[in-house]
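Here come two complexes built around chain A, the first alongside chain B, the second alongside chain C.
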Partner chain A sequence: MPEIIIDNVRYEYEQPGKVLQFMLDQGLDLPYFCYHPSMSIPANCRQCLVKAGTPIVDRETGKPELDEDGNPKIRYFPKFMTACSLDMSDGMVVHTHVTSEEVRRAQADNLELILINHPLDCPICDQAGECPLQILTYKYGPEGSRFEHKKVHKPKRIQLGPRVVLDAERCINCTRCTRFTEEISKSNQLTIVARGDKNYPMTAPGETFDDPYSLNTVDICPVGALTSADFRFKARVWEMAQTPSIDITNGKGCNVDLWTRDNLVLRITPRYNKEINDHWMPDEGRMAYRQMNENRVSKPEIKLSASEHSKTSWNNALMTFVEQIEAHKPEEILVIGSPHAPVEDNFLLQQFFNKLGVSDTLFSPHITPGKGDDFLITDDEAPNTNGCRMLGLGEIDKKKLEAELKSDKYKMVVILTDDLFGRYEIEPSITEGKFTLTFATNYNATTKAADLIIPVTCSAEHTGSYVSVDGRIQRTLPAKETLYSNRRLNLEMSLSRLDHFGTKFDNWVSDRNRIDCIPAWEFLVRTAYEMNLKLGFESSREIMAKISDELPALNGVTYERMDEERGIQLDLKQIPAENVS
Partner chain B sequence: MADTYEFSKEELEQIEKIKSKYPEVQSAVMPVLWLAQDKFGHVDSDVQKLVADTLGLPRAHVHGVATFYTQYYKEKMGKYVLDVCGSFSCQVCGAQEIIRHLEEKLGIKEGETTEDGMFSIREVECLGACGYAPMLQVTNDKYVNHLTKEKIDKLIEDLKAGKEPEFESMPVVYHQTSDS
Partner chain C sequence: MAQDWKSFKPVLIPNIPDLAKIDVYEKNGGYSAIKKILTDDKWDSQAVISEVKEANIRGRGGAGFNAGMKWSFMPEPDGGPRYLAANGDESEPGTFKDRKIFEFNPHLFIEGCLIAAYAMKIDAVYVYIRGEYREFINMMDKAIEDAYKKGYLGKNILKSDFSVDMYTHSGAGAYICGEETSLMESLEGKRGYPRVKPPFPAQKGLWGRPTTINNIETLANVPHVINNGASWYKSIGPENHPGPVLYGISGHVNKPGVYEFPAGMKITDLIHEVCGGVRGNKGIKAIIPGGASTPPIRGDVIDGVTMDADGLREVGTLMGTAGMLVLDEDTDIVDVITRISHFFDHESCGQCTPCRDGTGWLYKLMSKINNGEGEMRDLDLLIDVCNKMEGRTICALADAACWPVRNAVERFREDFEAKCKKTVYAVA
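On to the complex of A and B.
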């Protein structure tokens, strides 16, 4: 197998590739800015310089020439090479800062050059704490600067587009952002303007950077030049806890990280998953953090009059639910699952009412034809349509739904976390005379119409599995506490530095913002207990174990596997394309 | 407005010809910007847009190219653009005095254009004629070398009279190579 010698250590490689990527794959460290594994390689930042050479081959024998010690003689490239663009070749010798003082000097000097006009305003910069320039300068940079003249000034606080703000002085012109719009989102909205020390990224005159993927440039900008208009100055990176999750605003299931502080989700960023979203996600999905924090239903509510609800105790809510169920015959109950709720909740809803003798659980897909693109936005605006289909829930459209809601057949309606009234613009009066219960995360038109509202956890608060449009099942982890969960006791929850070191009594950590809600499945389990139905589950993990036993399509699916394999690709053939009911 | 700028049929044909010279359309951006600047006198954002749309390229791309080169005028300029070199060799040979003199004479500052639209003064980076420092270039064309105040005065008079300067570089020496 061909081999390459990096800092006197021999590595074998199978695939041809670039030196930098190979080093990163081996866990070796080398500073770099402009290189990004998913984009073209411009080699313009010059930070990844290494000393490299190849063995001298004797032209006649075709064998490498050897020195006195019997080692192959190396012919070094006359200048340092950029490791990001340097192809590996058999026998290549590479020296980084580890074994070459010259390379170490080159890296430090290059950083000194990059920093000539950099404002060094880390204390007020959002990127601080997750800034490659900051990190690499600490690790590889010079102690000070020999450039003590006035810095070149460039535009600051430029609103490039609705979601992205530019500080051109911080830009190091790595062109990652422009390459992103050229190669990944293909909107071609950004370019580098001007030249020399005056250049910075910009849109064409009169155009705005409204690319539906624009915020990815903020993630990949290796400095604080591009920042998110929405997240600017909200929090320091190190104050937040970072929890892996998935995008619940469409059917793609982009992998994301939820960033929380004081039980508020402050931002959502993409998490790498080669199978789904690579390093990217649509801007829309990032705004979902607001629905996780704001306008939440906290504590059950019961309807007083057409326009008024009042909070009530969990006990009362549960008893009311039981009474209503007992007051109605099974065929009088309309049960509607939700493509917005996880597989576990839908499954439990179905099981619960099955046990009561309700034969059908329905759901209405949330699909807007034409909304999607060929990239990461889908027509499907819900994360779990395929999960509902897989469970065999009956699929109904708006017309059918209205007919059902209106029908005299039913005296009681149960809706799982889905704003059906809002998204279909259904009049609340349609369910007049029926007892309507909805599980809900947020206030909306459906909660307005409901007689009983059960507040439930959202994807940021529970563990739940969702099946994407492409048939990939993935789960979320709890990122923020509810009134009944505890960050330090729940081992699935991640801790931030503040959580690690803080106590409830510190004034810099806050215990507020905990919603009084429980997972929908838990409410159903409690009700089942009250009614002596056999439906005992302790956790959503147990529910998943049960589902994977029962559903052939989910055989062998466990949380462990989902975590390890970054989601499990299911056999799409086992997912019904549509269950018209 | 964009629609006030248009290429004629002949120009469009010419652009097609330029395009056919290169494997990629992108390569045609520079010559087509030249063509546009020759016609309109500048390549402001509307002209850039016209070039981009004509070539079917992203506007941002053309904008990037146009702003990279000082020789493309991103705004309306004087008929004669006097690009005075302000880089090292010219600087030490008195480029600043030349610029001051020009400013006084024309009553404008560096970077500005006279009201009658005749002259613009700009300080530019090295034009590769350090041997003839200090020097200037007239509207991306002729070099005027070894500048003195008197030479400037004469140049301005000539230009006002519509007389463009002569080429005055050193005589070109053709080296005889052994086999030709």
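On to the complex of A and C.
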């Protein structure tokens, strides 16, 4: 097999690639800024310089020439090479800062040059703490600077678009942002303007940077030149905990990280998943953090009048639910699941009412034709439409839904977390005379119409599985605590949090901002217990185990596998196709 | 030198009235080289390349690379388009020779392009001309139009099966667009950022297709090589750097201008015989022989030095574009280098770190010294900044920015030190 020798260590390789990517794959360290594995290679930052050479081949024999010790003689390139753009070849020898003092010095030289016009305002810069420039300067930079002149001044606080703010002085001109709009989002909205040390990225005159993927440039900017208009100055990176999750605002299932402090989700950023979203996510999904914090239903509520609800105890809510069920015949109860709720909640809803003799659980997909693109935004505005289909829930559209809600057949309506009244603009009066219960995370038109509101956990508080439009099942993990510590959720949380435990500096352990809610399945399990129905689950993990036993499409699906394999691709053929009845 | 320069008859810009007109050009033997190639079977594309390679026309754009050799790097045709880009960006300070060809002998250049296109099986030629040359762009457009009318350009040239199209393209005021890969980006309508090599233009050039880039003057030499043969060409000037050269001489001489003479002219002959000597009969402080980026040399080393690659290497400088700047003994060399540093700071495209920030740093240090605020340690710092920049960038602009500074500090150290020593420190 061909091999490459990096800092005197031999590595075999199968496919020749670029030296830098190979080193990163091997877990080796080399400083770099402009290189990004998903974009073209401009080799403009010049930070990844290495000394490299190839064996000298004897022209006559075609064999490498050997020195006295029998080692191949190496011809070094006359200049340092940029590892990011250097093609590997058999027998190539590479020296980095580890074995070459010259290279180490060249790296420090380059950082000294980058920094001469950098404002060094780290104490007030959002990027501090997760800034490649800061990190690499500590690791590879010079001791100080010999630059004693005025730095170049450039525009600051430029609102490039609705979501992205530019500080051109911090820019190191790596062109990652412009390459992103050119090669990934293809909006071509950004370009570099001006020349030399005066240049910075900008939109064309009169244009705004409203690319639906604009915030990805903030993630990949290796300095604090591009910041999120929304997140700016809200928190320092090291104050937040980072929890892996998925984007629940559409059907793609982009992998994300939730960043929490004090039980508030402060930002959402994409997490690399080659199968789904690579390094990217749509801006819309990032804004979902708001609905995880704001306008939340906390503690059950019961309707007093058309315009007024009042908080009530969990016990009272549960007893009211039991009373209403007992007061109605199974065929008088309309049960509607939700493409916004995880597989586990939908399954339990279906099972619970099955046990009571209700034959059908319905759901209404949340699809807006034409909203999607051929990248990461889907027509489907819900994360789990395929999950509902897999469970065999009956699919109904707006017309059918209205007919059902209106129908005299029913005396009681149960809606799992889904703002049906809001998204279909249905009049609250439609369910007049029927007892309506909704599970809800946030206040909305549906909670307004409901007689009883059960507050439930959102994707930032529970663990639940969702099946994407492409048939990939993945789960969310709890990132923030609910009001009453939930042992099961905490267990998942300690597994999920990347730091695995809190410290006393870790603000999320405080009691603030906790919502009084429980997972929907847990409310149903408690009710079942109260009614002596056999539905004894202690965790969503157990529920998934049961589902994968029962549903052939989900055979072998476990939380462990989902975590290890970053989601499991299901057989799309086993998912019933859309069948609006 | 094989022949006395004084009896040399110019061939690139000969003194023939109205040569820019196509009829006059034809009457004086114009377009006979392309006719010869298209009618004589002996001249297949390989034969043309060999002849040009043998002639050793060294690129007049600055790097001095054998043109025929460059042509031989083009891969075999695969059916897709192939391009020639003629480089008339002419932005190097002290360089003003290609304009003479646009103005006085455009058809010679067009014919050179035709031969190059024939040899490399190219179907389109782009002539990239600096935007400030609006007048010359118009002249070129007119010449191209006339050549089309007479059937020298377009489909089935001179009724052969050889076809080629030619277009002018105006630059927009950036020196960097003269760098060959940046020129291609600019031609493609993009920002003039030089590309990383490899891939080389012959492999992946304009729109990802095989492309050759040559300077205007380089191409203008080609018809003569075909007409008179490589050995005739090599008999002009030194063996290793032959042919006629357009010397653009400026600075403190009595008669600055563009003069055509064989390569390998003595610097002193150019100054004293051709340009009528130094203004006011002053002594010479320094020569910058081939455009602002070539290392300056001291006036006291120029005796006997010839203008060709080998001659200039001996005194530690380069031929560049043969745009020679003569500076008399009263010149403030620190001021000159400061101005040159300003140019490179202004013209760096800003793509790579060492050049983007280094050119600015050099200029700031030079200004500091020039303004009488310099300190001796700044001189070492200048050299050290050059060390950080040279050989570490995508294109050669960073090197070009360093050479004048590094060499001036080394060769005119006393002038720099004198300025630094005058620095008055404020007493607190």
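Basically, the second predicted complex is superposed on the first by the 556 of 581 C-alpha atoms of A that agree within 3 Å, B and C clash if a C-alpha of one lies under 4 Å from a C-alpha of the other, contacts with A are read in each partner's own complex, and residues count from 1 in each chain.
Note that in this section contacts are C-beta pairs under 8 Å (C-beta built on N, C-alpha and C of every residue); 3 or more make two chains touch, one makes a residue touch a chain.
Predicted, not measured: the structure shown is a model, and the values here were computed from it.
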Superposition on chain A - do chain B and chain C clash or fit: clash
Which of chain B and chain C A:D563 touches, first, second, both or neither: neither
Contacts of A:A194 with chain B and chain C, given as first, second, both or neither: both
Touched partner set for A:D219, first chain B, second chain C, both or neither: neither
Chain B versus chain C as contact partner of A:I172, first or second or both or neither: second
Partner chain in contact with A:F80 - chain B first, chain C second, else both or neither: second
Which superposed partner A:D29 touches (first chain B, second chain C, both, neither): neither
Partner chain in contact with A:Q47 - chain B first, chain C second, else both or neither: second
Which superposed partner A:N110 touches (first chain B, second chain C, both, neither): second
More chain A residues in contact - chain B or chain C: C
Residues of chain A at both interfaces, chain B in one complex, chain C in the other: 191-192, 194-195
Residue ranges of chain C in contact with chain A within the complex: 174, 176, 191, 193, 196, 345-354, 356-361, 364-365, 368, 381, 387-389, 391-394
Interfacial residue positions of chain A with respect to chain B in the complex: 178, 181-182, 188-195, 202-207
Complex interface listing, chain A residues touching chain C: 41-47, 49, 78-80, 82, 85, 106, 109-110, 112-114, 116-117, 146-147, 149, 152, 172-173, 175, 191-192, 194-199
Contact set on chain B toward chain A in their complex: 45, 48-49, 52, 58-64, 67-69
